[in-house]
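Look for chain A in each of the two complexes below; its partner is chain B in the first and chain C in the second.
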Partner chain A sequence: MHIMEGFLPVGHAVGWFVISSPFVIAGCLSTRKILRERPEARLNLAASGAFAFVLSALKMPSVTGSCTHPTGVGLGAVIFGPSVMAVLGTIILLFQALLIAHGGLTTLGANVFSMAIVGPWVSYGLWRLLQSFGVSVAVSVFAAAALGDLSTYVTTAVQLSLAYPDAESGVVGAFVKFASIYAVTQIPLAIAEGLLTVVVMNALSGSAGKPDEIAILAGEVRQ
Partner chain B sequence: MSPIDREAHLNRWRRKPLAEKTLLALGLLVLALALKPAAAVLVASTMSAAALVGARVSPRLWFGCMAAPLGFLAVGVVTLALRVDAHGIGLAPGGFAEAGALVARSVAGLTCMLFLALTTPASDLVGGLGRLGLPSEIVDLALLMYRFLFILGDSAVAMDAAQAARLGHATARRRVMSAGLIAANLLPRALDRARRMEIALASRGWRGEMRVLADRTAATASGLAAISATLAAIALVGLFA
Partner chain C sequence: MKNRSLWLVVAALAIIAAPLVIPGLGGEFKGADDRGSEAISDARPGYKPWFEPLWKPPSGEVETGLFALQAAIGAGLVGYVIGRRAGQKNVAH
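So, the complex of A and B:
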């Protein structure tokens, strides 16, 4: 969920840039290393990033009747890993602001933190954890994508409530307000995104249960 | 695929110097965020005038682009103006003043961002970031991504139309399946296209550097002076009004 331009006060906008930048800089360094060693990976990364952008522009029905769009956070994290996703996610969020007026420039730091850092790390962590417990690929992918999506929304609600705490009940009260309002659209979206990502993974690997083939596909980009 | 991008390439201020356009939009953006709501109102009107009268951006597109962010803003304002406590839902004390300031600032910020997006192609802006010191690998990656976006976007739109024509959007379940199929078919295509492009580039002696001709115009002193004067005037109003 993108925070719009101008919504955050100056201090918060700057603060989120400061918090996000170490992750993005670390991602840039590892991306540079990959590109130095194998310049041809550049085209794969660019194509994958463009793919994630196009995916986020796809319209999907939401249970509440409104149209919504997948974030691709879970899919990207599982395929490329969270460090490359921080860089790709930042570029994608910048293009979303400039090409479809989603999100903003001063709120880029906050949006990067929720969508290119927290979401991918939650997805990737869950995917690795569930795989190590021997959970089936379909269930792991669903959990990684749905909870990764949900975590971006919870992070955004936290960011908004920190910026606009409730006069009486403070940050916690504001969080309850923001979280419950956005839950109406975001929980169905998270479930839809989880299902969608399972469908994508199934189609990509022929059938669920062949993580090797996903790894081959991902091996093009992930080191 | 993106009407904003088309407008960015076709508007009247397309060839204005990048430095002038970004100084105006980002300068006003900072003023809108840092100063009182009065300055934000001035920023919003200045940016709208610059975009609609100066750059001749289509008004329909200008206001159309605002719809989705304003929806987000409406939800935020409702959250700010209401409070929930043991007695149920009521109006928050001082919530209206706070909400008003938020609306002014957000709309002003939105106009600055839209001005930049609608008068300057994203590729120009990313190129500008490169000249400001962003590593060339990252700039190249972003520019390549920009070029891939439209190719893949066209494929996705075509796939979507084909699915719609075959009742792929008939039920919610089918829509999820259809969206999944598009995503699943698009990724291998994207990677395949990247592979073919890489072979084509490698056969032309490519070493991992993208050189493209950019038609840049240098910023003029008079333009920069006019922009600085506008910024200073709005800053004064915001500080003392």
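So, the complex of A and C:
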């Protein structure tokens, strides 16, 4: 999902920065609030960021014959809500842009939008929706993580097709092309990420069988 | 519960390993990010990125090492938190 350094036109690069900034600022405020008011949740916040840190470093083969990496942002989005993940995701993307030349500073706004904003919001929205329908915690966590992951890659394809519409088939034609590179490749990895997220959620909470357990992880409910 | 976690991990590993071992699937396994950049270059011949990374790992080995470092830091921290939690439960019982 990383758009490489210098690969977005200047106007698009600036535009994605403008769109992403408020989410990251709001995320900073809510992260500070959590750290101050719920000290017992600090370790879980660290674990949520660390999980995304591991998964986004692991490039895995997919059935389409190319490699991508999971994003790992669903775990934290389910526990703490999407806004803290905007901050944690930005830190990860900065690390990769500066130290590994993966992604970039000019494309940071766009990459933050796909991985640290859209992914976590889709995860969180789906988690709440499935919970309201009474779906089991494990299945909800799985779906939230898997589809959050996939939505990040769909967003990257949208961003690139807006910047580089096809000469004949326009934005839609370009989207089909970029989605075939990013989103289709991502499907098996998204499923794997969903499974792993259930495992880690179990390990963190003892047994993620009850929604209460996850509220305890976030420090919202005290044991 | 432990058993379920084990099977979920096995299933995840199987999904990742499948393209490598099933004949007919797979290909070069290049990074999708690079293929995206190539698609841009194909669609806009002569496109030159207007900004270069400030620093690039000097070789593939150094880059791999940094990715491994990233994974190690993350995995270490996740393991620490899970281990601490398990330890607290033991003390409580």
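One rule holds in what follows: the second predicted complex is superposed on the first by the 181 of 223 C-alpha atoms of A that agree within 3 Å, B and C clash if a C-alpha of one lies under 4 Å from a C-alpha of the other, contacts with A are read in each partner's own complex, and residues count from 1 in each chain.
By definition in this document, contacts are C-beta pairs under 8 Å (C-beta built on N, C-alpha and C of every residue); 3 or more make two chains touch, one makes a residue touch a chain.
Quick caveat, the model's predicted, so the values are computed rather than measured.
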| item | value |
| --- | --- |
| First, second, both or neither for A:L129, with chain B first and chain C second | neither |
| Partner chain(s) touched by A:R32 [first = chain B, second = chain C, both, neither] | first |
| Touched partner set for A:E40, first chain B, second chain C, both or neither | first |
| Partner chain(s) touched by A:V172 [first = chain B, second = chain C, both, neither] | neither |
| Chain B versus chain C as contact partner of A:P188, first or second or both or neither | second |
| Touching partner for A:A97 - first (chain B), second (chain C), both, neither | both |
| Partner chain(s) touched by A:M4 [first = chain B, second = chain C, both, neither] | both |
| Shared contact residues on chain A - chain B and chain C | 2-7, 10, 43-44, 46-47, 49-51, 53-55, 57-61, 63, 95, 97-102, 104-106, 160, 164, 166-167, 174, 177-178, 181-182, 192, 195-196, 198-200, 202-204 |
| List of chain A residues in touch with chain B within their complex | 2-7, 9-10, 13, 28, 31-32, 35-36, 39-40, 42-51, 53-55, 57-61, 63, 70, 75, 87, 91-92, 94-95, 97-102, 104-106, 160, 164, 166-169, 173-174, 176-178, 181-182, 192, 195-196, 198-200, 202-204, 217, 220 |
| Residue ranges of chain A in contact with chain C within the complex | 1-7, 10, 43-44, 46-47, 49-68, 95-106, 156, 160, 164, 166-167, 174, 177-178, 181-182, 185-186, 188-189, 191-193, 195-196, 198-200, 202-204, 206-207, 209 |
| Chain B to chain A touching residues, read off their complex | 1-2, 4-5, 26, 29, 32-34, 65-66, 68-69, 72-73, 75-76, 78-80, 82-85, 92-95, 98, 102, 105-110, 112-114, 116-117, 122, 125-126, 135, 137-138, 140-142, 144-149, 151-153, 156, 160, 172, 175-177, 179-188, 190-191, 193-195, 197-198, 201-202, 206-208 |
| Residue ranges of chain C touching chain A (in the complex, touch as defined) | 1, 4-5, 8-9, 11-12, 15-16, 18-20, 25-37, 39-40, 43-44, 48-57, 63, 66-68, 70-71, 73-78, 81-82, 84-85, 89 |
